[in-house]
């Protein structure tokens, strides 16, 4: 593990990132061949927040938030700070002062595989955070980690500059080089869904709309009028 | 495990189900000799939702929501869809399109021992869901399961047609044949509680109201003025 | 384990407790040398509640809330009821009737290392509760425990009369004898933070404000312009 | 929930149960259309134990083992005691005295969705137990439950008299009426596996033996010599 | 939290501790009114180890084992080192070098509410350890904690000098002042159990031996020959 | 997510891998700046196994082991198969037939972020496996994943060809390009430890051997003879 800060990273195109954000996490994840989704233990600190941005990454050690302070300086307008931790940990590594600093730099959100605190202030400030825990537990500044190296966060490998989309459904990561392709496929998917929603709302069955009856029969599904004998 | 869809089920009486819904989960569970309660890892996707209905059951495999699509057709006005899964799984098996379809059929709610997605849309649509996780994780349509067979959901066996009551306190299942008896006992309990609430609000102690002082003494409880020596 | 109720306890000074409440959990925990914080699995039943009070303690057995009924009588204006359990348990040991009784006595909140029920009523009554679960699961009244003896709650030892501060960030316990000292240090910390918040909001970096650049260099942190070779 | 003890139950045929035991849990579960498997948090208290028998069921409340004492009398040679609990609980509900009593009656094993104690003695006595925890935590005898009613144990519904097979891979339940069919399919599967094992040991690939190459190609799998560009 | 090392502690009588060790964890816990038992997530690193000793306590921070090194010097023949941690953590705070050092001083075992490493060496050295995890994760030496102050370990408050008994069933703590009383009650209990074991092995039912039939009837238990209608 | 099989990968040098295996997981992790360690929920299926090899990687979906069958063909003498899964899952994706096939090709071990079955056979065959669960739960062969692409396994990113070291302490991953450097540092560390072990066994204190007394004093540690007033 190299204890290094990388200054220059290549960021995903901001126009593409914005369009991914409009699509939302579920659609992007599907359009990405069901890839890139962080594990569902990562939850929003406050409900209803949404964010799309480019990843500045941090690797920390449990109980130590020194590298987050270091990372702030590397953030730019439109970034999302993504924090991985070298072991499972729920300590409150981030609070309202760090959020104030990030907002001053135009950072859109925090995604952290550890705990945060000042939950009420974060909600009142409107700064969206996805974390594995809320905890007031304090941290030290003793161990070096790294900034802008690839990190694993909630089970997904994040490269600096990747597109990050987050909402009430979780957090999805799209590799920088894949963003354009995912936008194309996601927007097509999204358009299709609008039509489907109307048909379903009118009472049409998904069984018919998706043409599932024949494959179900092929797979051996049987319909009976009464429960089979036990 | 039979891969079958049962078309005709006997549903709990809708008048009784409605009265169970008015009582709420905690009272119904107590009136049911402390039975029927699903495990508390099942949580409402949005706060404040309440539902009472009759169970249409689905058995799925992890990462596969094919049977939920099949089950929609078997639902009627006043039903609640109850989904069990053959292994622990948090994938997002259900989203706003399926919710649209269920609402078009008059279904009251979803109870699922797996994950759901489109959390924000579900909240905005006012469709109540109790699940073990929120996750955008996509699913396949590859494995047959069953519809309207007995399933285990969050630790409780659910027979198609059972009464399902759900609110912020969790989800409780009342066997079809027990519904009348539980309504009677629950409404009596509920009436008693109103009187008790007033007495407690006026400052009367539960110790006196419930006559606990003598049994506590019998069991050996001692009152002392100062802490005992360590 | 002694099955006893202690009537007279020494409570932390109410003026100090109030000032701790103004500081909030995160600041108090830091001012207390990062001590006293309950584990983060303890969560508020409803968001935004805040409480500060003196501990009346209860030791219960799993699935048994008899001692909570006993404890009500020992509570006074300004207390917080703190419930430890002799084994991991999520049963709903506390509901709106007990809350009514506690509010009638001026109790500020409940902190319980087990489950509670009537979540919606508790929210509507405005009675704040921190618990490890929400569950309608009913309990018996069969086992003696103790009231106003030292208990462990969510990993922290609580002595009767200790100051308890709780908000969205969790629950912190300050020993009665330490309250004055923690108030002094916390208020100083709080004043410092206001100034820092303004400087950070104006764009100043924490790296500079906290003087971290030199220690980071000493520890061996390297800045590079491009990612190191893999 | 009825507080009742059912005396007469129909047990799965002992010859079939024995043959299921020879097949082992993994084969039986596969032959049963991937059904009947208890959740994997249930683990053997000691490694290498194996058991096959017919279920005598018990429903208990957390922290209360009264009904297990009641159930002993209903057990016969060749039975396995299966204990469900009305809420998640890890208390030590069963120890060497109860095991002595069960062994005196010819009971083959215990399967319990709660904790056990006297782990060392159970190992030395050679009495196999599958449980969710090992804990010395003591229990009371205060709440009625039921014996020989359907119970949910580790996520599976168990009817009295069902066949229970348990080994290092977990515990599987076969409905009494399905035992003959599962034996037939399992023994065929078992015979097939022996041949496959020899072919694989000789170096033949599963890809060829199972004829997977064509379906993989159809599904779109691509082989490349070098990693694709990121 | 005071960062202090206390040199002189009052230890439980070594003769009493030895007798508690002979009784084992389950018996001691019962004789102690079902008190003092650490939570069951604490497990032995190797099976079959047993230990009884007097507590030297350590309070650490997550990811930091500095205080364990400090504590070694305070240990004497017959002690057990008990480590609490200020937040949930599974890092490997202890390995074979520290074990070598403790064995050189006559320490009997380690009980730690965090992780350990060198699991194979600890087993080969015969040094018994109860921990919440096995993990090679390394730690720093940056934060002060305390030695020989009261700590919470796996949910139980431990005062320096308390008696600690550990075996395959878990870990139980007996307050120094309670040791004599618990020995008396435990040895009586142990003698009673021997007689009971013989009677149960001969086929006598616990229902009769414990005189449970009448209380069960009083509580309302019903026996039926056939399952009740659903 | 690309559904691809990469045929040619660059493997870490086999001589270096062997030397890393001799050092063991804890030493390698420390020599690697406390990096590369998989999360401790990954446990050996049988105790005492040890393995060192080069990674062939597999990405699977929950409940689907198709890609493992595909991966076998890509394995060579000295490899370790490393399986990541796109969502948390404990299904038994691997058993004795696949193990037979891997052993026929000279594969050293399996590391899988999901479940395995046939635990007893794997132990008897002496094929070492590290997994997150043991479960007989069967899987389908329906979803494409990938072979020999970078995968996340138990929180660590694994590139095909990386060195994998596993023993009772867990699993550590060393990037191919870092292997030589880690061997050098690890062997130095190992040599140092032998000398330290002897000194500690003779009773020398770590406090003196490591020169900790002065830094502890600087950090503010105080020694007192008696416990401070509460």
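Labels for the chains are A, B, C, D, E and F, by order of writing; each one numbers its residues from 1.
Criterion: contacts are C-beta pairs under 8 Å (C-beta built on N, C-alpha and C of every residue); 3 or more make two chains touch, one makes a residue touch a chain.
Remember, predicted model here, so these are calculated numbers, not experimental data.
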item	value
Smallest count of steps, each to a touching chain, taking chain A to chain F	1
Chain A on chain E, rotation in degrees - Cα superposition, rounded to nearest 5	180
Chain whose Cα centroid lies at the greatest distance from that of chain F	B
Reference chain C; chain at largest CA-centroid distance	D
Same vs different contact residues, chain C with chain E, by half of numbers used	same
Interchain centroid distance [CA atoms averaged], chain D/chain E, Å	30
Distance between the centres, which are taken as Cα means, of chain D and chain A, whole angstrom	38
Per-residue overlap in chain C, given as positions that touch at least 2 other chains	2-3, 34, 37, 40, 61, 86-88, 90, 135, 137
Complex contact set, residues of chain C against chain B	2-9, 66, 69-70, 72-73, 90, 92, 95-98, 100-101, 103-105, 115, 117-120, 133-138, 141, 144, 148-149, 160
For the chain F and chain E complex, residues of the former touching the latter	25-26, 29-30, 34, 37, 40, 43, 48, 167-170, 172, 193, 196-197, 200-203, 205-207, 210, 212, 216, 219-228
Residues of chain E touching chain C in the complex	1-3, 32-37, 39-40, 61, 86-88, 150, 152, 155-157
Touch list for chain C against partner chain D, complex	61-64, 86-91, 135, 137, 140, 142-143
